[in-house]
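Below are the structure tokens for one structure; questions will follow.
Letters A, B, C and D name the chains as they come in the text, with residue numbers starting at 1 for each one.
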Amino acid sequence: MEYFLNSEGSVVVRDIINEIRSNRDYLGEIDGAIGDGDHGINMNKGFSMAGERINQSHSFSEAAKTLGNVLMMEIGGSMGPLYGTLFKRFFRETKDHDRITAEIVLKMLESALDGVKEIGGADVGDKTMIDTLAPAVSAMRAATISHCSFRDALMKSLEAGREGRDSTKDMVARIGRSARLGERSRGVLDAGAVSCCIIMESMTESIPAILRND
Amino acid sequence: MQRIINDPDHLVDEMVEGFTLTHHDIVAPTGNPRVLKYINAPVAGKVGIVTGGGSGHKPAFIGYIGEDMIDAVAVGEIFSSPTGRSFYDAIKAADSGKGVAVLYGNYSGDNMNVKMAKAEAEDDGITVKSVVANDDVPSAPASERDKRRGVAGEILMWKVGGAKAAMGANLDDVIAAAQKAIDNTRSIGIGLSPCTIPAVGKPNFEIEPGKMELGIGHHGEPGIRVADLTTADEMAEMCLDTILPDLPFAAGDDVVALVSGLGATPVSELYVFYRKVNQILGSKNMTVFKSYVGNYFTSLEMMGVTLTLMKVDSELKTLIDHKANSVALKQF
Amino acid sequence: MQRIINDPDHLVDEMVEGFTLTHHDIVAPTGNPRVLKYINAPVAGKVGIVTGGGSGHKPAFIGYIGEDMIDAVAVGEIFSSPTGRSFYDAIKAADSGKGVAVLYGNYSGDNMNVKMAKAEAEDDGITVKSVVANDDVPSAPASERDKRRGVAGEILMWKVGGAKAAMGANLDDVIAAAQKAIDNTRSIGIGLSPCTIPAVGKPNFEIEPGKMELGIGHHGEPGIRVADLTTADEMAEMCLDTILPDLPFAAGDDVVALVSGLGATPVSELYVFYRKVNQILGSKNMTVFKSYVGNYFTSLEMMGVTLTLMKVDSELKTLIDHKANSVALKQF
Amino acid sequence: MEYFLNSEGSVVVRDIINEIRSNRDYLGEIDGAIGDGDHGINMNKGFSMAGERINQSHSFSEAAKTLGNVLMMEIGGSMGPLYGTLFKRFFRETKDHDRITAEIVLKMLESALDGVKEIGGADVGDKTMIDTLAPAVSAMRAATISHCSFRDALMKSLEAGREGRDSTKDMVARIGRSARLGERSRGVLDAGAVSCCIIMESMTESIPAILRND
């Protein structure tokens, strides 16, 4: 059985934080094309603040909770509630487990997707982060059912997430600040879809490095 | 970027501090540094009025805190919705027991954060209802009016809601008046130059010299059309051509007109623009009951103008004419 | 030039027209299209207050017409003194028989045109006296204070003179109060970007990105020094370093502070600047009796800020605190 | 005796108006260097307005009076009273003469210089139009005393005016909007000195063309 120890997992969250921070300007640029250009700042600020409160001694669940709470309560914007919900769901679905398996990661992603849909009211095709998250969850589910390795499941999930992210390019935004530009929102990636994919990429790098098998 | 700032990350906090120092006769701080309230809030026996939104729109939002106006405001980062906690704290600061009307603009961040705050406040036993301003005509077709953004029309919604609450109405009646105000309000903006969020450091969109963006949003969201820069008179015509048929406004209507600069446009030019608006309305047999011209709702240092019209009946006229003492709107 | 105008030659007339349409509750036209007056002017038994100057400084000058403020204003072309005839007509519009105080800024055009108007009005038997504002510290050394320009300090001079007149003082006492106000007032400006007179069509000076002009004038007249662009806090320090020693202001003084944007600076940033001004004054044991922060006296769409300080004794405090109802300054 | 007929002289004023109008942008640029850039507009507006009210049937004096009045009463700025005074003095000193001789032109320039000094309070060396006008008047006086021809007197006067204009380049402004820049006003011509010289140049072209001798 493949798993990583919850107690060893804060690195996964810390890596996500670092990745978001180093993509600050890139995310701002993408948001600037059809949004208001602040996605990089918003993400960087929230993730940095949380980063200061998370260290190696924390578990994955604790780290996710801290990040979720900071985003939810102290960041505002759209990103606060959306990614706040996402990481709080990561916490909620893992907190009772010492060992995090692919099944648990799947549950946590499914729950996060539900939470984000609920609070934001968006769905696949609206040109949002959901266009990354939803296919990533589906692929993770399929991979888990067909008993792929944890690493392969993550890879397949990421691949689907990347395709989902890229699919936003041809979409017309229907939600958020960049919505209702009609045709003018077509041709550019969605900023939230990109940041969500960065999170998936980071997890797909970090988790395999701490996997155990017994 | 030629601007008067320190560390961009502290801009909002320092602005709030300076604002509170200057306007201590009207505005008071609260336990949450991102929430300001009217010095006398909560006003006993009065429905509380709350709003909030991203910063960079001065005098909106905090400039409308005051007597018979807004009781508490949640302050966000530049162009970014305040936190759920701040909306919640603003609701707490405004509530006198008669319930709170959250009157805010239709942006997904604000929708989500208000939703969270409402849920929390209701857990505390506070009755909270809200009206979501969606006056920005170019931001969605009439068939999807619930998707339209809220822009400068929010000011008229606050004025009406604030007056109604000040007159002693209950929460449902305040909500009904504010909803009626925004339902009768239509806006449009024209952008002539971009703006720069200090933390970003460069404009996040471009407007070519000689061009203008018709229907631009309050954060520089692209409009419905990029057109050749034209005269003030033609701009006024284009704006009216878009918003008049939408409500629709018709001959015989009395309207309130609000012309706001987007930040960098010389105020003299707003009057040049309004002159033509007034002429056209007159030629269509509409009467301007009251007009507001100035920098009422800006977008940092964007060049441009927004036009807002509200169709008014006798109730709305009374509420608009009611006194108000806020930093940005004073009527006696 | 991204601006909201029609024919630049008609800009001022159209602006005046739009302004009069909007503010008909405070301002009335006169026989001279370049003279606006308070609706109730001449106010019986009250000394008339007149000012005037070039356009492009909105809300100055016409925004300060009103109850217990200015009675009549002569309006010039953009950045150009009004005609002698307009000053004369303004004097006529303001005179109730108790004489007229012309409170204006020290520019050679204004000096000449006021001189001509005064002579003509005196031929009609109207007593006219004047105070010439010269609060702009960087525009000449202290030894040549009569050469200094008048800038945003004029607003405090009008406020004081207007209040004194409203309280029933005679012409000499109004003049003395206004003179005392300006004698106790010092200003300085910082320019961060140039401005464009529409009829000229291009900026008439440049400020390199990354630089700022310390001591800039209200028409873009070069300052005392081009410095590297710095933080808001350091700008506040530089401004105070220049004006505090000039009066001088000292520990224990009570002051009125006025921070005005030059047109395009986001108002939030003016509060950031004022926050530091307030801190420094506090650290020097001076007390801010009252502060004004906003776009009170602008220079078209210039980026920048001006700081004005007035040392106040109990008489000036009473006059500053007196009510006023103009478009740009409302106190009740 | 050389003279021009007052009744034929409106062309002199009309030429001045045309010259000022065609130098609108040039004057604006010069004023922009150390002033506020509106000298071209101010001059153009006033002179154009007057131009519409002056025609061939007017005398020199009438034309000067119209121009003076328009400038004085309807233009404002510094230029209104300054050039208004100048042309009203042209009117005052010529109105009683059918024939305008060099002596009368001298008187009219002397009176104009006095008037401009009086209302503006400036003097030679302050970097204003007076730096053109004052030497031009002196040269005209000298030439008249030494019985130069009318044309030569005008030429000498213009030459001195030009030198005066050029001398403003090295001056530090002491009056008007560009004053008090201290050293920073040095190195640029004064706008009013330039416009005043344009007027002198125009007169030196126009008057000889209508001179009579009997």
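One rule holds in what follows: contacts are C-beta pairs under 8 Å (C-beta built on N, C-alpha and C of every residue); 3 or more make two chains touch, one makes a residue touch a chain.
Because the structure is predicted, anything quoted here is derived from the model rather than measured.
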(message) Under the document's definition of touching, what chains do chain A and chain D have as common neighbours?
(response) none
(request) Would you mind pulling out the distance in Å between where the CA atoms of chain C average out and where those of chain D do? (result) 33
(request) Go ahead and note the Å separation of the Cα centroids belonging to chain A and chain C. (result) 55
(request) Provide the list of chain C residues touching at least two other chains, using ranges where the numbers run on. (result) none
(message) Multi-chain contacts only, two chains or more: what residues does chain A have there?
(response) none
(request) Using the contact definition from the top, classify how the chains connect: line, ring, star, complete or other. (result) line
(request) All pairs of touching chains, please: list them by chain label. (result) A-B, B-C, C-D
(request) Within their complex, state which residues of chain C touch chain B. (result) 2-6, 11-12, 14-19, 21-22, 55-56, 58-59, 192-193, 207, 209, 212, 229, 231-233, 235, 263-275, 278, 288, 291-293, 295, 298, 300-301, 303-305, 325, 330, 332
(message) Show me the residue ranges of chain D that touch chain C in the complex, using the header's touch definition.
(response) 28, 31-32, 34-38, 40-42, 45, 72-82, 119-121, 175-181, 184
(request) In the complex, go through chain C and note every residue touching chain D. (result) 9, 54, 76-86, 107-109, 111-113, 115-116, 139-140, 144, 147-149, 197, 199-200, 204-205, 217, 219-222
